[in-house]
Every structure is written in structure tokens, then in C-alpha cells.
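Several structures are given next for inspection.
Each of the next two complexes has chain A plus one more chain, namely chain B in the first and chain C in the second.
And now, the complex of A and B:
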């Protein structure tokens, strides 16, 4: 038996005390480190996404809501702007517009209506199947495909906006055309469709049986000018197939149809500046935001709050230290007799100090090991945690 | 009865007689060479043999606790090697102080404590500690077992707390055999809380003996025991003294246990100057060692 055995025996015998001390040290160190890691990853992810998205145009209102919606397809949707805005950007020649219309969900995940340019812009690659090729097709983000166990050829039904609104939009059964490679971005958690498909889901476009062949008066009304008008008794097709695709049509001008944001991909800074000037001089209906600026402003606020948290963590650490000292002093008093006996038997004061310091060292070693394991786990999981924080409660 | 001795038997016999005190010699150098042993063989055997008995001499000893009026003065005290000595006196008279002085726990302000050939009072701290742990076995009134160590670990404690002595396999076996002898063989893994008071004191005695000390200092070893256990513990201590020849010094204020001792030192024969006639509450805390 050596002095180390003595220390180990003491720790084993005083399990509860040891456990409480280890837990106190662990929590004191773990919580601030975890917050630091999560915040660092949050900052890194959100900034990198913002940096890869130069400009976003959307309805006037909260710039933060618009940015988060364009970047993360958040459920807090900004007001809609007309699709013509994309055309307006294209006409300036300063940027390539990438429209986004994310208004609906499929099994809880956001349906993102966009153009094929989005895939090029985000450099999204297909892992399986093909890209969008027809109205009603969808391409799934990797995580959704994994979670819903869907692949090319499967069908995915959009969620009805309001099941009691019989006259409103009907859910659309979409054909899964492909699955994207994982990117560890919000794109892994989105259902991508063509912009027109989202308009179909919204009810702006639909397909139904040929009214000219319909003889049922309940389904067809003849207007005074002789044109035919479908009644609510005519049910739209809920799935777009080869046989019914020709019946799909839109009512109204697509230029007036809604989008929630348009990402403007400018080739250079000059074009970006010109585009910003154009929109600042524009009407009151729209705004142009630079996601990096918005996100940096948000993060500076977050870091301000973190300072208070850091202060709190320091105070907790000091309190824990005092608690630790108190416990050790009390423990020292309780062990006074034991130490006196050891001294009388021939133990040096140095060895007695060594015994107590070793006990302390083992406590710190245990706590540090636990912190290391926990921090490692947090490090591994942080990406997903941050992602779920940013994306919200989808899925 | 005629008996022929081999050389080895003669050395063992001589050593045993030396240890038991039945064959006292002023110095080894003038000892007559017994029987047919050559001078060289005899000298070598004595060199290889561990001397079992150490006499104690105190000379012009003065000790005073810091910040206390208590003052112990002993002009001369000699204790024969291998003897059984009881030190008696009223509470607070300085019996334990004397024991602690002889053990090198306290250092006298004046005078000399000679144990065998070693002057304990002149030793540096480290040597005094090493001397204490290797030559002296200490038994206390409150047993002073470590509550988180089991019987065997408590017995081996002196090895654990002194890095200069490493327990060998033989030491561990010796510890187990001591426990066995003391009737603790089936309780080696038990914590002190699961032992009776008598058993606890027996563990404490095993701990005192495990380093094979030459002296046993026991401070009120029976003070906390019932009459039956008192007798048992004293029997054990006397048997150890008889079998192994260690000098046994027992401090007690219990006059009923003095029968078996060869010598009783009454503390009233020493001068204890004190206005309060008692020692400080925590003398050890104020002690330098």
C-alpha cells in the first residue's frame, strides 16, 4: 500500500462528497465551455452562410427576418414581393436573381420554391436521381431524405395550410426526383421545388378536367360572354402526372405572383454597389439587405449578451471555488485526528500535504476528464445543435 | 540436561537470551564467547542479528509547551531494554508528554533522550520520524484507526505514510500473520466501523508491531475498553514483550492494571511546574517535529 492507495481509499470511502465536488467543478467548467463552443460554431456557421449570400431583396420590414428567411428558410416569413422584382434585377444587368418562395411545408420541412440557379449558386450536387425537370417535381435535402426515408421515385405530400379551408389550396403530391449531397447547411433540411410548383401549391395555378367536355351544370357555369367558369365542385388535380400536366395553368400574370425573397448574385463589388443604390432609391415596398451586415449586427448583440453570461460564469466559478475551499477546510478539520495519528506514527507534514493535494488533484483530474469527454461530445454534436437552433423546429 | 549445540543454534540461543534480558551484557565486545564458537563466527552472527532490545536514558530533560505554563523536568530516568514499564500519574501530569518526548514527537528544550545508541533529542526532523516509524510502535487510547481503511490496510499504514520504507511481500505476510495471531484473520477486509472496540485496539497493536519495532509505547491502551477487553489487550502486549523482547512502556492512570509490569514509574517523582497543572488542549499543534 502506498500513499496513493491511501488517497484512492479516502476518495472511495467518501463517494458522495467526491461526487458533489466533481460535479461542482464539472458544471462550473462545462457550462461556459459549452456555451463558448456553441456560440463559436453558431457564429462560424451563420457568418459563413451570410458571406456566401451577397445581397437579398425582399419586402420592407425586418431586415433580420428577411435575411434569416432567405438563408435558413425560417418559418417567420417576411411579406411577399412580386416575382417581377427578379426580372427587374436581371434587367439592371448588375446581378443574377435567384428567387425564393418558401411559404409551405411538407411533413414539417420547408418547401423552397426557386429556380435551377439556386443549385448552381449554392453549389448543390445531386447524390441520387435527377434535378427538377417538371412541374410537381421536388429535390430533397440529404437530411430530409434520411429522416423521411425517401428517395427518387417516392412521393411527398405538401402540408395543407388550413384543413378547414375547403376553398383554399389543396395539398400537392410531389414526385421526388432527386436527393442532394449533404452540405451541413440549411439546404440539407429543405424540399426544393420549382417556383411554379409553389404557386400551384398556393392555388395560383392548377390543373383539372377539361371543362369543355364537362356536362354537369354543377361543375360548370357559362358566363354571359360565353366563356366557361369552373365551380368549386370541380376538384383540382392533387398530383401532376404525364396525363394531366397539360391541364395545369395559372390564372393571372406570373410577374405578379409572390416570392418571399430574391437573392441577387452580383459578379463584383461595383455591381453590388450599383444594385444597392438602385434599390435604396427605389420605392417603399422593397428593401435590399446585405446578410453579412445584418448577421454581424445580430452576433454583436449576441456577444454583448455573452459578456453578461461570462461575468455570471466567473461569479459562479468564484462561488464554486469558495465552496470547494469551505468543503476542504471542513474536511481538513474532520481529518485533523487522522492527520495527528499519521504524524505520531512517523508521517511527515510533507507527506500529509501530498495526501491532501493528491486528493484535490484527483478531483480535478476526474472533473477535467469529464469536462473533456462532455466537451468532445458537444463539439461533435454542436453542428447539429446549432443547425437545429438556426433552422428552428422543422421536422 | 546435556545438549549439544550447533553453531547456528548457539547464535540463535545467544540472541534470544540477549533479547529476553536473561543474559545481559554491558557491551557486546566483552561478551565471553560461548561454547565452541570461533570469535569470528560470533562477531559475524551478532552483526547480522538485529538487536532486539534498546534501553532508554533520559538526562536533565526539560520540556515546556509554547504559550503554556506547563513544564516537565526529569533529571534522570533509565528504562532497561526489554522491560515492561508502566508510567502512572494523575491526568494532566505529563505522562503522555513524556511518551511523546521519548517517541521524538516533541523535542525537549533541554536535556538528552538516548534510545539505544541514538540520541533522539539531537536528531533532525526527518531522522526522528524515520527512527519513530522503524523503531517505535505506538498504541493510542482511542485506537486512532483510519476509518476508510480496512483492517489489513490499517495495519500496513506505517508503510504507506513513510516513503522511506517500502512494504515487501514478507511485510504483508507478516501483517496478515499478526492479524491472524490477534484473532483478526477473518476480519482483514473489514472497516473499523464494523469492528468491536477490543478488535479495533488489537488492529492498533498489529499496526504498532508491523514494522518490527524495538519499543512499544502505549498511551492509555485500555482507557476505552471494558474490563474483559482490558485484560485481553494487556495480555497481548505482555505476550509481545515476552515473545519478541520489545521494551514496553505503557502510560496509564488505571491502577488496576499494574500487576503485570516489572516497573511502575510514578509521575509524582518528577517535577512538573505548572500554574494550571495541565497541558494545553492541542499540544501537538504547537509541537515541532
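And now, the complex of A and C:
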């Protein structure tokens, strides 16, 4: 095996050349394979999430924005619709409404206001603690709990809507009641609260001291008609506790309060069709979208673009092949004296060919190994990468 | 060497299988929580006594019914405890009023499975609801600035025909939830409807006239009885005398809008107020509007009996 020793010595001596050739082969193979894996994972994840969400109702506008918001709680917030839309869906008897109001964040993660039906709909199970019980409670997705090191009994503060708006809403300190099992979906990256808790964060509901018992003139003014007027000195509670929960209340009809989307869970295709007809014939304020249709449309566009990438990859592969041939031909010329010496030493032409082919084989073998390792790593990480792409910058 | 490797492999597989089994066991325990609950509990929760009475009458003994309401003497602003919230979350159905006649305002402070809430006022017509325009809570929140909302009267059950519509809605919800018992529910509903029709018939013989009511809470009763009603806004009556001259003048001015000298209270008025009103020439009568939501004080009494007592009091008072 002295010829193999010679090959290895040659490769070791020409480090730069070897490195360039290996890198060329590696990149030519690795990039298209990586794109293929990421796209396959992306397609699988986004389609499966869309398939598990039959219908979404929201404000008229971009159907894609609405779908991505309802599925991934994206930070691009669609317009609001009244909560009465959920009642309208329920009254048709064709579907079960699951409202979503995702307008605020807590330490950068989306706060998703919904009803307990959402957990049943997505089949979310608790890993620790208990479910939502009352205003101010929250349940964390597994990744948030891990990242923020929070568990049942801890508190999490909602982010102020605008830090420059000193007169804006007060943040709410929420009580972490439970942590969900990991699901490898955007639910792992969401802070779930009761819909009414998001209305409290928005300022539509609040708790404060009993004004009738307040004697401080700075806090309460008596109007000319005898009614009490709270002044700005009366601060709403920023944390909902056993001692102040009874004072929390909403002014107005909750039916008029906002939500950003309503998922309609229809039991069968007939009900789904009837509901679609109902909303298509409805007003100009709302729209009903089928997430699968919207996502498939998006993916067909993505796959159209991918065709250009595929063509590009083929052209790069051909160019790389030509480059390799050129390098080999040039190195053949440079090595002519070396070959003559070996010939004079008694080396046959067959052995010399074997030496050169072995060099090439080792380069390809080494590049293939690197590609295999890198693809394996991509395969492992692709799920998380795709997930973080889908949920934006939260992760 | 090969044998040893085989043994290690088998042990490793056994360990992994048992570890996975433990994890699954843990998951099953958690499935007892409100998340992902798939099975029926054969339990229905209600949020006020009249709704509880109607539900029990319709459901009979086949379904367990639990009333979640403030205990006697609890403040108006009351919130159920953890155990009660869990009961609500685990119920197959939660029987409540609904938008337009919101009762049990604590419901906005707890997390409930919305799809299992039966809004008994859903099948009421718009004209069935009562809105009080002169009692408005002026406030400011969110970007909207200062505004107010009218007071919606919640005691729908005081009108027997409205209560009948609510009972029908309860029956529909029960039939949907427990289709195998639909015929039982329908039979029981017929009995309840007969009793409510009986109350409605009694209302018709009450002479037309005018009354003053202490709060708008009695409006469903007075409307059903065909009475012209001038309401006061005496929601919280102090037990100790605390009537200023201005307040008395305000009352007299308001009471003059009615020709009636009869004031109906939805709870027993304190003695000092009763005496003061008597001195001013007004007669007071106490009715039960079930506004507290809890069970009646007299365990032997029930909704129909108390409504009959209300009508008797009303009839006697107006006949004088």
C-alpha cells in the first residue's frame, strides 16, 4: 500500500489545493440539499398546522396575514373584529368558535388571549401546574418556560404597548399557572391567557379601589349631577390577586370587545361549506379564509421560486465540474516532471493513473463525508430553524 | 463478548420502553385537567337559582346539577373559589343568562370553556330585553375616551313568559348534550312550561296601575304584570339611617313622577327607611327578585312558590 502513502503525502503537502477542491465539492452538494431539506420541513410544518385549522374568520384584508396571525401569532397584527363574531358563528350551529386576540407581548413573546376551548382544539397538555383559572393567569408554552426559566407560581409582566407613551396602558403582572408539554409548534412560543385578560391589558377592564369608600378629594370628584368621577390619581391594579380580583370589572358589552381572529371548528364538510356561504354572503367588514388553501397558494409560489434555485444549483454543479477538470488538467501538466521521475524509478503507467484517481477519490470521499455530517446536522436542526422562521424573531 | 453486547442492548431497549411508559403515565394523569377533556361528566352547572331550578326541573334526576353562586351575605362583587371554578370547567354545560341580560358578573373574572356555556337569553327577541337609560356608568378606558353604557336588567326570570323561553333554551342545550335523554327532557319541560303559564295567567289578573320600584331589577316583573313602573336607583341601602335632606328631596321629586304610593323593594328595606317612607305616605312591599343568585333562605320553598308569593304581595298591595 505504498501508493496510498504517496497519495496521502501528496494531499498533505498540497493543503491549499486540497482545501479548495473539497470546499468546492462540499458547497456544490451541500447547498441544494440543505435548501431541499429546509423547504420540505417548512412545507410539512406549515401545511400540517394549516390542515389542523379548518377555517379562520377575521377582518377583511390580506388573507395571508390573517392566516399567519391565527396560526403563528405573528407580530403583524391584522385589524380587529368584535367578539360578537364568535357568538355569530356559534349561533349558526355549524361550528365551534375559538377566539384569538394576540395584540400584546411579554418579554417579546406573543400573549395569546383565547378560551379554554383552544387547548382542547390543539390537544395541548399540561406538563406542569394547572390550567387557566381566572383573570391574570397565564399558561406558558414549553420553549418560553425553558428560555425564561419560569414555572408555576412565577410572575410574568406584559410589555408596555409603547414605552414612550407615559399615559399609556399599565403592564399587567400575570401569574404563571402552568407550562404546556412541548409540541414543536408555535404554541411552544406563546403565553396563553384568557381572552378577558388581554382585554384587561388593553384597558377595557380594570380593578381599582372602591370609589364610594374613597374620601381623598384628589382621587374622587363629585360631579354636579351627584355621580362620582375618579381622577387620574386612582391607579388601576397592576396585578390580579386574591384580595383585589373582586374589584375587576368591564365596562360595556364584551360582545363589542376586540379579537384579531376566530377559528371556526366545523364538525364536517357540510357545516364548513354552509359556514363559508354564510360569511361570503356577509358584510364587508369580515372575511373567512381556509388556511390550507391560503398556505398551499403560498407554497406553490415558493416552489415556483425553488425551480430557479434548482436550475441555479445545476449550473453551479456543472461549473464546479468544469473547474475540477481544469484543476486536474493543470495539475497534470505541473506534475509531468514528477511523473517522469516516478516512471524512471520503475513505476508503471497504471500505478501512476491509480495514484491520481485515488487522490480524486479521497477528495470526493472526504467531501461526501463532510456533506453527510452537515446534512445530518441540518436534518436535526431544520425543525427548530423552520419553526423560528415561521414564528418570526421570538425564538 | 457478543453475548454481553446482546444483553446490554436488550437491557437498554427495556429501559427505554419503561421510561417511555412512565412518561405516558404522567400524561394520562394530567389529562384529568380541563385541557383536552374528551369525556362527559354528566354534570351541569348553573349560575343563578332560577336557572338552577329550571334546569333541575328539565333534567330530572338523571343529570347532576350544581349551583355556583355567592353564599348568603357575600358581597355583590364575588368571585368563585378554585374548587368552584374547577367544577365549572369540568361541567358538560354551564347554564347562564347571556349578553343583553348579564347576570353573574363574576363570570368575566374566571376562565370558562366558552363552547360549553348555554346562553339562555340567546333566543329572546330584542324587545324582550330591558335597558335602563337613566342609569349609566360614566367611565374612561382604552383609546375611546369618556363614555357610558346603559344598564341592562338581568332578572329575566321575573317575567314567566321570558323564563319559559329560557327554559326552552335550556332544554335544547340538554338535548344536544345528552341526546339519549331527549324525550325525558321534553316531558319535564312540558311540566315546567305549565307552571310558568300558570304564573303568567296570574299576572294577567293583577289590576293595571302604577308602582315605584327601588331598583330597575324588578322591571321584568312589573312589565309582565302590565304595571307602569317608575324606578329608583337604590341598589345599596345602608342599614343605619343615612338619608340627607337633599336625598329625601331627590326621592320626593322622583316619586312625584308616579301617581303611586306603593314602593316595591327587591329586598327587605331597612326599618329606618321603611318608617321614613311610611311617614311620607308611601307603603313598602318586599319582593324576591333572586338578585343574589343563591338558593332561597327557606329550603322548603322554590322558584314557582316564591314567584306566587311575589304575585300575591303585588296583588294585595295594588288592591289596597
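We adopt the following convention: the second predicted complex is superposed on the first by the 388 of 395 C-alpha atoms of A that agree within 3 Å, B and C clash if a C-alpha of one lies under 4 Å from a C-alpha of the other, contacts with A are read in each partner's own complex, and residues count from 1 in each chain.
Everything below uses one rule, namely that a residue touches a chain if its C-beta (ideal position, glycine included) is under 8 Å from a C-beta of that chain, and two chains touch if they have at least 3 such contacts.
Treat the numbers as computed from the prediction; the structure is a model and nothing was measured.
The superposition on chain A brings chain B alongside chain C with room for both. Of the two partner chains, chain C is the only one touched by A:251; chain B is not. Shared-chain residue A:267: touches no atom of chain B or chain C.
In the superposed model, A:194 makes contact with chain C only, not with chain B. Touch criterion met: A:2 reaches chain B, while chain C stays clear of it.
Of the two partner chains, neither chain B nor chain C is touched by A:277. On the chain A superposition, the C-alpha centres give an angle at chain A of 160° between chain B and chain C, rounded to a multiple of 10. With both complexes placed on chain A, chain A has more residues touched by C than by the other of chain B and chain C.
Shared-chain residue A:383: touches no atom of chain B or chain C. Of the two partner chains placed around the shared chain by superposition, chain C is the only one that A:203 touches, whereas chain B remains out of contact. Within the superposed three-chain model, A:132 lies in touch with chain C and out of touch with chain B [touch as defined at top].
In the composite built from the two structures, the nearest CA pair linking chain B and chain C is 34 Å apart. On chain C, the positions that touch chain A within their shared complex are 27, 30-31, 33-37, 75, 77-79, 82, 85-86, 89, 99, 105, 108-115, 119, 122, 137-139, 141-142, 149. Here chain A touches chain C in the complex through residues 84, 86-87, 90-91, 96-97, 99, 115-117, 119-120, 123-127, 130-135, 137, 181, 194, 196, 202-206, 227, 229-230, 245-255, going by the rule given at the top.
Contact residues of chain B toward chain A in the complex are 100, 103, 105, 125-126, 129-130, 132-134, 138, 140, 142, 144, 146-149, 153, 156-163, 167, 207, 284, 289. Taken in their complex, chain A has these residues touching chain B: 1-3, 5-6, 9-10, 12-14, 337-338, 340-348, 351.
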